[in-house]
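The structures come next, written out as structure tokens.
Below are two complexes that have subunit A in common, paired first with subunit B and then with subunit C.
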Partner chain A sequence: MRLLGLGSVIAYRALFNWTTPIVFVGSLLIGPLFQLIFFAYVGRELAVGDDRFYIVGNAVLSVAWTCVFGGTMAIGNERRFGTLGHVLLSPRSRTLIFLGRATPYAANGLLVAAVILTVGALLLGLHIPASAIPLLALCLAVSAVACAFFGLTLGALGLRFRDIWVISNVTTALMVLLTGVNVPFDQLPWFLRAIGAALPVTHAAAAARDAAGGAGLTGIAPNLLTEAGIGVAYAVLAAVLLRIFEAESRRRASLDTL
Partner chain B sequence: MKTLRMLLMGMLFHLKHSSRSPFEIGSFVVVPIVQATLAVYLFRAAAEPQKLLQAAVGAGMMGVWSSVLFGAGGAIQMQRWQGTLEMLMLAPRRPVMVFLPITLANGAMGSYALLATLAWGRVLYGIELDFAHPFAFPVAALVTVLSLGAFGILLASLFILVRHANAFMNALEYPIWLLSGMLLPIASLPAWTGPIAAALPTTWGARALREATAGGAVWPSLGLCAVISAVCLGLGALALVHVERKARAAATLALA
Partner chain C sequence: MDYAIEAEGLRRTYRSRTGWLRPRTTEVHAVRGVDLTVGRGELFGLLGPNGAGKTTTIKMLNTLLIPSAGTARICGFDVVKQTREVRRRIGYVFGGDRGLYERLTALDNLRYFAELYGVPARDQKRRIAELLELVKLTGRENERVEGYSRGMRQRLHIARGLLHEPEVIFLDEPSIGVDPVAARDLRATVANLAATGTTVLLTTHYMAEADELCDRIAVISEGEIQALGTPAELRHRADGRRVLEIEAYGVPTDALEDLQKLPGVREAAVEERGQVQVVTVQSDADADVQADVLRRLNGVRIGRVTSREPTLEDAYVAIIAAASRVAA
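Entry: the complex of A and B
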């Protein structure tokens, strides 16, 4: 527990480049907030979806910023800072070490999404009933955990590929398109829907919209359970990839290749 | 002639340098296509297929802005990380002449976004490239790209001064897309945003491209885009001198 708790917090402080206040606010709060406002106005102009569709959806999507880039940094920055070899020499389970790192990013994502949802709703005049807040918080929390493991899966690629920032950058751009947050899911072709359905955020955004619209726990449970299942699947995938790529990078002596 | 040569060689050097970066290549190739696809599906969902060409042009313009914003900031940040920023500032030329090729090169890379979104729209979604002013469009695109490259100098001065330039880059992408009316009309925004939008060269560049696409007076908008960018270039040149002195005095130039 100490390894998971203390180790992940120390790693978060050391490896997440965006912990300084100015970067945190600029990258994690202002950027996603303007993304939300942008799409809310696009939605109003094109009448594709109402404010609830865009505000709640983009608030859920904002967890992806923290978790996708965080997961990439959690592993990629070890290599960049020259500490990856030390971590891989640890006598403890590296799978446990790396999976534990998802926790602070998930908490960070939840905080960011809560701020974005609150400020976005206040600025654009969306009324969210008080009774919906606990379920919304649950949707954001499940999405944050799923996104954190998804981020770690991408971060695991950092053990194999030199430049993983391109992967995280392209992934966040694709999530804007594929998760049904900005384009209604049924308007996408089947192959894009199939990819989107396997991504985190997609089902949590749908559940959060239903919750904001007054649905109860039973109403949002199917989407929420699917999102949780996707999170578990990415956790397993991240663990497998970490083991494979660690063995591969030792064999190829490419641990510290930049 | 010497100055022009330096600008061209600097641009070429920066383009070659960027072409060696998988991050830059991957991001600049894929992200504009994703944005174009998003715009097409949004406008299709809105049942406004007649505006698909405008949407593709708007998405391309968004790509140009992203390229200038992240390119200018990223290039300077990268030189800071590589330890070459001091060398650049020590060059026996005015700072603006050292950094302008970088921002112009980023504008030129952004023009790919414009071309790619149009090609993507034509090939995949069958969008007719039926421009209202087919000859004015390429001129408008070229002037807009160069103007935004010049505007990038103002950003560069800011990115040299602040240690966490990426925070500003991440925060500035969507506001400029929104305020400049790249994907939706400025009239749909609150009235108080009007004066801010009017002061941005991106607004007039996007408007010129929209008018070349859908009809309207292209040249006044394009002229305003060029004039505002020239003013920004002048301000940026002054700011660079000021910023250079300040960064030297505070010894913050190399701090990343």
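Entry: the complex of A and C
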């Protein structure tokens, strides 16, 4: 448990590039907030969706910045610092070491999303009933965990591919388009809907909008459970990829970290 | 005998593919059949030039690489099939600036790796304090590693490698780029490790370091062990020789070939030491080659010329040169 708790927090401080106040505020708060405002105004002009659609959706999406990039950094930066070999020499379970790292990023993502939702709602005048807040918090939390495991899946690719940051950049850009946060999900072509349905955020954003609109737990449960299932699937995928790529690195000497 | 490290016929071939349309696969035989045994508590040196196969051998022994052929055991555990058992018993330290979390303090680096290496929570505080004392970082442990000098980083590497009190520690060029005073401290730390019963496998380029520290030395070149013995035994390889050292400026590239052809000359090498080049000529002890050598260096600006008895380094040069000639 110490490795999961204390170890993951130390790893977060060691590997997450955006912990300095200026970078944290700039990259994780101001950037996503301007994105939220931009799409809210576009939505008003084009009458595609109301403020709730954009504000709640973009608040859920804001967890992705921390979690997807953080998850990638949680493994990719080991290569950068030359510490990956020393981590792989640990006799302890890879699942504990690496999947445990999702927790601080999920907590960070949840904090960011809560701030973005609060500030966005205040700036644009969206009223969210107090009764909806617990369910909204639950949606953000589930989405944050799912995104963190998704980020670790991308990070696991860093054991095999050197330029993992390209994949993270492309993925987060795709999430803006495919998760139904800014473009209504049912207006996407079927193949983009298929991709979007397999991404985290998509189902949590729909659940969060319903929660903000007054739906109860029963109403949001299907979407929320789907989001949780997606998170579990990415956790399993990350664990499998880590195992495969670590074994491959021993066979093919694909880690030039030492 | 109970060995800490055993390797039999260890081989490693790297394959790399280049090109998309016409992919080409190239093979590099980094290690070509290494056999060695290291006793418990022994301080064993692995010496060789860059690219000789030292680090690849260590990476196979410490489970980071799977051998292409051959077997290896650490404390009786197979490095391929019993990786977890092996990892519990080994520490790994390598030279250079990388390999530490820059943004963390030394203390946090050690706390994290203590978790990774399974040091029980109740022992961590005591163990970390002991190691900080051992590597003389007490009082600096709360500073971020990014502000550390190379010597301090090296000492922290060693502390990290010893956290879980490994039975075997691999030190891969730990003193590279470290100033003489820090290197002396490192040597004292390494000697102390062996004295307390830890088995040490040390790779280094510094002959004096190997001579001072190692119980036995293996010289590796072209992926094979070329010589193995105590420092005194290896020095005997240069018995019956004299060494002529000439400080020079602007030695032409083909001069060495000419020198090697002189009667009585066994080896000739040139080393850059800052502005000056040092030409080292090993010859039969009964041959006086100084006049011939200086004649061949006609036109080259010459500084100090000295004649001396051969050292371990000369024996090493002779072994490596012989291996290179065979490979060529």
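The rule is short, and it goes like this: the second predicted complex is superposed on the first by the 256 of 258 C-alpha atoms of A that agree within 3 Å, B and C clash if a C-alpha of one lies under 4 Å from a C-alpha of the other, contacts with A are read in each partner's own complex, and residues count from 1 in each chain.
In this text, a contact is a pair of C-beta atoms (placed from the backbone, for glycine too) under 8 Å apart; a residue touches a chain by one contact, two chains touch by 3 or more.
Values in this document were obtained by computation on a predicted structure and should not be read as measured data.
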Contacts of A:I10 with subunit B and subunit C, given as first, second, both or neither: second
Partner chain in contact with A:V87 - subunit B first, subunit C second, else both or neither: second
Partner chain(s) touched by A:A173 [first = subunit B, second = subunit C, both, neither]: first
Which of subunit B and subunit C A:V201 touches, first, second, both or neither: neither
Touching partner for A:A144 - first (subunit B), second (subunit C), both, neither: neither
Contacts of A:V112 with subunit B and subunit C, given as first, second, both or neither: neither
Contacts on subunit A seen with subunit B and repeated with subunit C across the two complexes: none
Contacting residues of subunit A [partner subunit C, same complex]: 2-3, 6-7, 10-11, 13-15, 19, 81-83, 85-92, 97, 249-253, 255, 258
Complex interface listing, subunit A residues touching subunit B: 18, 20, 22-23, 25-27, 30-31, 34-35, 37-38, 41-42, 44-48, 162-163, 165-167, 169-170, 173-174, 176-177, 182-184, 187-188
In the complex, subunit B residues that touch subunit A: 21-23, 25-27, 30-31, 34-35, 37-38, 41-46, 48, 162, 164, 166-168, 170-171, 173-175, 177-178, 183-185, 188-189
Contact set on subunit C toward subunit A in their complex: 14-15, 55, 59, 62-66, 84-85, 87-88, 90, 92, 94, 96, 98-104, 108, 111-113, 115-118, 121, 160
